């Protein structure tokens, strides 16, 4: 089996889905000739032509807005926003239209749209190139939010997202893009949305993470009886798996790189506080980015939760 | 003392601040000649002229974007977004610029901007006129979020927001606008941002709410020993007052009309689960809107948390 | 001198039917007597519907409503040029477009009474649910047009929006996409001179809205929006052009909002009665009636017949709308996704 | 016939200095020999800075950097027309503007090395931190201009953005506001023919970018962006016009991005070498040198002196930039609000 990094795995997923279904098209800034600034769409233009791989004007609301029209018409657009920091101008289209088209038209029109975008810090990028605002999209009924943490899950999840009849915001960690290589089969497989993955089994504490933070959790969990959950789909998230694990371990630490306040960690913690509190032995801890604008490269490393900060919180909950 | 409703109280706050400080200007769609679709800015154009009360083109990003430039130049713009459902096109300006101008320029430039907007359901309004997405703005470091629940607090809070050196999103409940009248002095007073208010003292359970939901909580709390906290400022929120009350009562119910998932209730619950869990006798319950697009008038009442739903959750936590 | 002109553009205006009912034969589009009768009946139906909607709102039987009084020709004239396979993307003030393409009027009453089911477009029509956020639906038309082009369907997408809508970033991005991808799209601006209380000249410093097309490298034209023949002709030409792969067109229908912005508005706060009086003389239906009389195709009994039929249709629509059963509360959750989430399933137990 | 023209517009292009260094005396702006020397020195300083930045990036001493090679005249020529009291709103590719108005070069290196402190504009300058999100800063210029007008300050606000920036909704909303409020704003588009891999003709179907001003009812003009005199003159005229209350202007500087988009980009993937070669002949500095030689104000020793001074300044800047102490981690929190929140105070204990 070929060893692929996440960029290659996502590229493969796109290729397979475009071959399978002529209604799948790719659009965005520099996704064609240039193959995308991270090379995720490399080779697609050559293979599928400019009709299916569209280099668009510099226009995020226009990209998502036109993609909504295409999706309603019957296509399955996969729109790329070059960095998550540039998705905000398209937020109105995502929230006011993509998320609501099905409900507003009582099912007559649907929006099978995937908005792919690289997210997160950790690659010494310029300002506004390190955003991790998944929480905003998890507060939008009608939108699904997916964040893969590995090449093989990225491939299976993206294929499911493309086939999903509803709009999906698909977040790709720039840090993970070329960090890991693993076996990724080019055989047909998908990973269902809405289901989490136990990345490591354990009995004493549950770590919950997604995307790039999963790997730091696994590192922090080394040598202890910790269970690590890769949430994969943040909205709707897999409550069952989460509660089952929490009931088993009685201790939970949630980790994400977004700022703490109103991050997705809050929802996970609150859900536990509502549904599983009686089983909990310790407070639910959150290890997150600070309530601050993500700093430029010189301070980036201080901003992101690292293995030590995660370990400290684990030690904290293990005290109970 | 004159009895004023919230529309009149906010109008008075604007008038007082504009008289006090020539750098305060009001801008937005229909805020001038028309006095605002809810009449909140009524009479300001006549009193202060078109230079200080600007009817703008239909252009939310333009309204906030130009207001940021004005604020940096030295004015104190109070920009109105006609309904919260139309703030999303301006979200990029609020989040990428207003929220970051101070940190990006390391304090050289600041953004003393207030973005006022009517929010919430309950007045049989058309689609997208009943949004309650305060949570999005609470996840934006650099932004403050204020939601008054009464005429007199609205006046004091808005005056503080206008004088605040940083950008404030100020949410006004359309439902409360004309629902209550109370004594509002036209004497000078302000209410500090970041502090909550105990609307009702109690010992057995803590209800946390803001804006229109506060009144339903007070109703639900009638005849029981419940403490009701009016959060007033959602970001940064008054953790101290919240924890103190939770430690006292050991039971907390958070109420908001926004959808449950990743709403502000999640943050409040998660903060308690982290900081006060050991004092809690019962799970932390959230009574919220459903994870769905806010329906049109015919179903609106089923969507919003009502006194009975709040009571049911109180009974639930009182079981412990 | 090397300060040379490198680009010139002219914005034209099309007028065919005068206020006194005279049509410029040279410009008159090829419409049969029957078609003209059809157009007339639609105009009357629209006005009857609109009038009733305003009454129903006053009686508290529907919610806030946005009247189309005065804009009937802009809406019917353009919609009449559409083929069944074309896609329309209306704003909230396009009831005339819905009616002209055959959308069941009762569903429109249903929508305005606060019931989403009224927006469930019948399967044989291609019209989007109204867009409440101004201008934000224009990119959808560009996208649908791009999709039609990709599918090689002979289909055009038409977006309707107001003068205020032209100030939105989405207007700009949508028209720019349509220009770049030479999409079969037609952008119809209903310039009714007002955006709630903001007069047209404060909406933009541009002399015309049609000239905004210059920014996107395609044609913009202004038409007398109260002249149903001019509106029809400009739209028909634009649609043909679009379907022949010649790209998009921006049409500014120069018309007037005779009513308050909505039933929640009081226009007397910001505009003069005189202005409204002036525009009364330019009424689009009156004008067509004068034309038909000249042509001898408008007898009193025919006129009465048309009005009675319209009244009957609207009466029936109201009856049907008010007889549909109340929506089920769970409906508000059911249509969020194809399948409800686990949390939504739990939530639905409340009902 | 009543299909009449109701609006016409012409877009002009200004050229003064030819590639061979001949200036059109009739159009030549009134610049003293000393001013021309100053401009020349600035152009050389910009190129020296840019060249060094590219080297530093290769050596890993700064992060991703966006080169201004080829655009020096567009940036220096326009910035040279600014008065100290005017406000500038640059994009990330405006190092030439910063340098021309006297921003300390070491702070620019500091910023590109990933240190926010490099963006703390000195108190005596009025330039905004670079805008990374393309086009989103243009409304700030409109707003500052509106504020200046309200304050009755004789101040103009200038926004810089690229060809790609013209496709953003914020470009549209910003220029429309400026037009409606007749704000003293100047919008300078650096049309360098590329937006990363997207060629200008795919960015918009409009023949020129200058003509986009037609949509907002004010003047748009195209200038040869490699002609420092044309750029200076157009900007000076626009600034005077703005300060005289005659409203905004859009200036399209027709230039070329000689380098890759940024150091993270490889332009050979999407554009031909030939194109770059063609533009080499139009080099803005070469052109000015030829002009100065003709005028006999460019001796070899003077040239050398200018280059040495530039090199010295850049050397010093690098030294200073690399000698500043590492920022304190708490800084990332300190500047969020005037005062840290209780939660932030807790967070700062981590450092």
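Going in written order, the chains are labelled A, B, C and D, and every chain counts its residues from 1.
Heads up, the rule we're going with is that a contact is a pair of C-beta atoms (placed from the backbone, for glycine too) under 8 Å apart; a residue touches a chain by one contact, two chains touch by 3 or more.
Source: prediction; values computed, not measured.
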- Hey, what chains does chain B share as contacts with chain D? A, C
- Item | Length of the line joining the C-alpha centres of chain A and chain D, rounded to whole Å | 36
- Please work out the Cα centroid separation of chain A and chain C, and write it as a whole number of Å. 40
- Query: From the C-alpha centre of chain A to that of chain B, how far is it in Å?
  - Reply: 30
- Note on the structure: chain C and chain D have mean C-alpha positions lying a whole-number Å distance apart equal to 43
- Touching at least 2 other chains, the residues of chain A are 57, 59, 61-62, 85, 89, 92, 96, 103-104, 127-128, 141-142, 236, 261, 290-293
- Overlap residues in chain C, where contacts from two or more other chains coincide: 116, 133, 136, 167-170, 173, 176, 180, 202-204, 331-332, 336, 341, 343-344
- Once you've mapped the touching chain pairs, tell me: line, ring, star, complete or other? complete
- Item | Of all residues in chain A, those that touch chain D in their complex | 29-30, 32-35, 37, 55, 57-59, 61-62, 85-86, 89, 124-129, 260-261, 290-293, 295-300, 302-303, 309
- Item | Of all residues in chain D, those that touch chain A in their complex | 63-64, 92, 111, 113-116, 132-136, 164-165, 167-170, 195-198, 202-204, 264-265, 269-270, 326-327, 329, 331-333, 336, 341, 343-344, 347, 350-351
- chain D to chain C touching residues, read off their complex: 1-16, 24, 26-27, 167-173, 176, 179-180, 182, 202-208, 210-212, 214-218, 222, 247
- Listed in rising order, chain B residues that touch chain A in their complex are 61, 85, 88-89, 91-92, 95-96, 99-100, 103-104, 127-128, 133, 135-136, 138-139, 141-142, 235-236, 258-259, 261-275, 277-278, 280, 282-286, 291-293
- Where on chain C does chain A make contact in their complex? 87, 89, 116-117, 119-121, 123, 128-129, 133, 136-148, 150-151, 157, 169-170, 173-174, 176-177, 180-181, 331-332, 335-338, 341-344
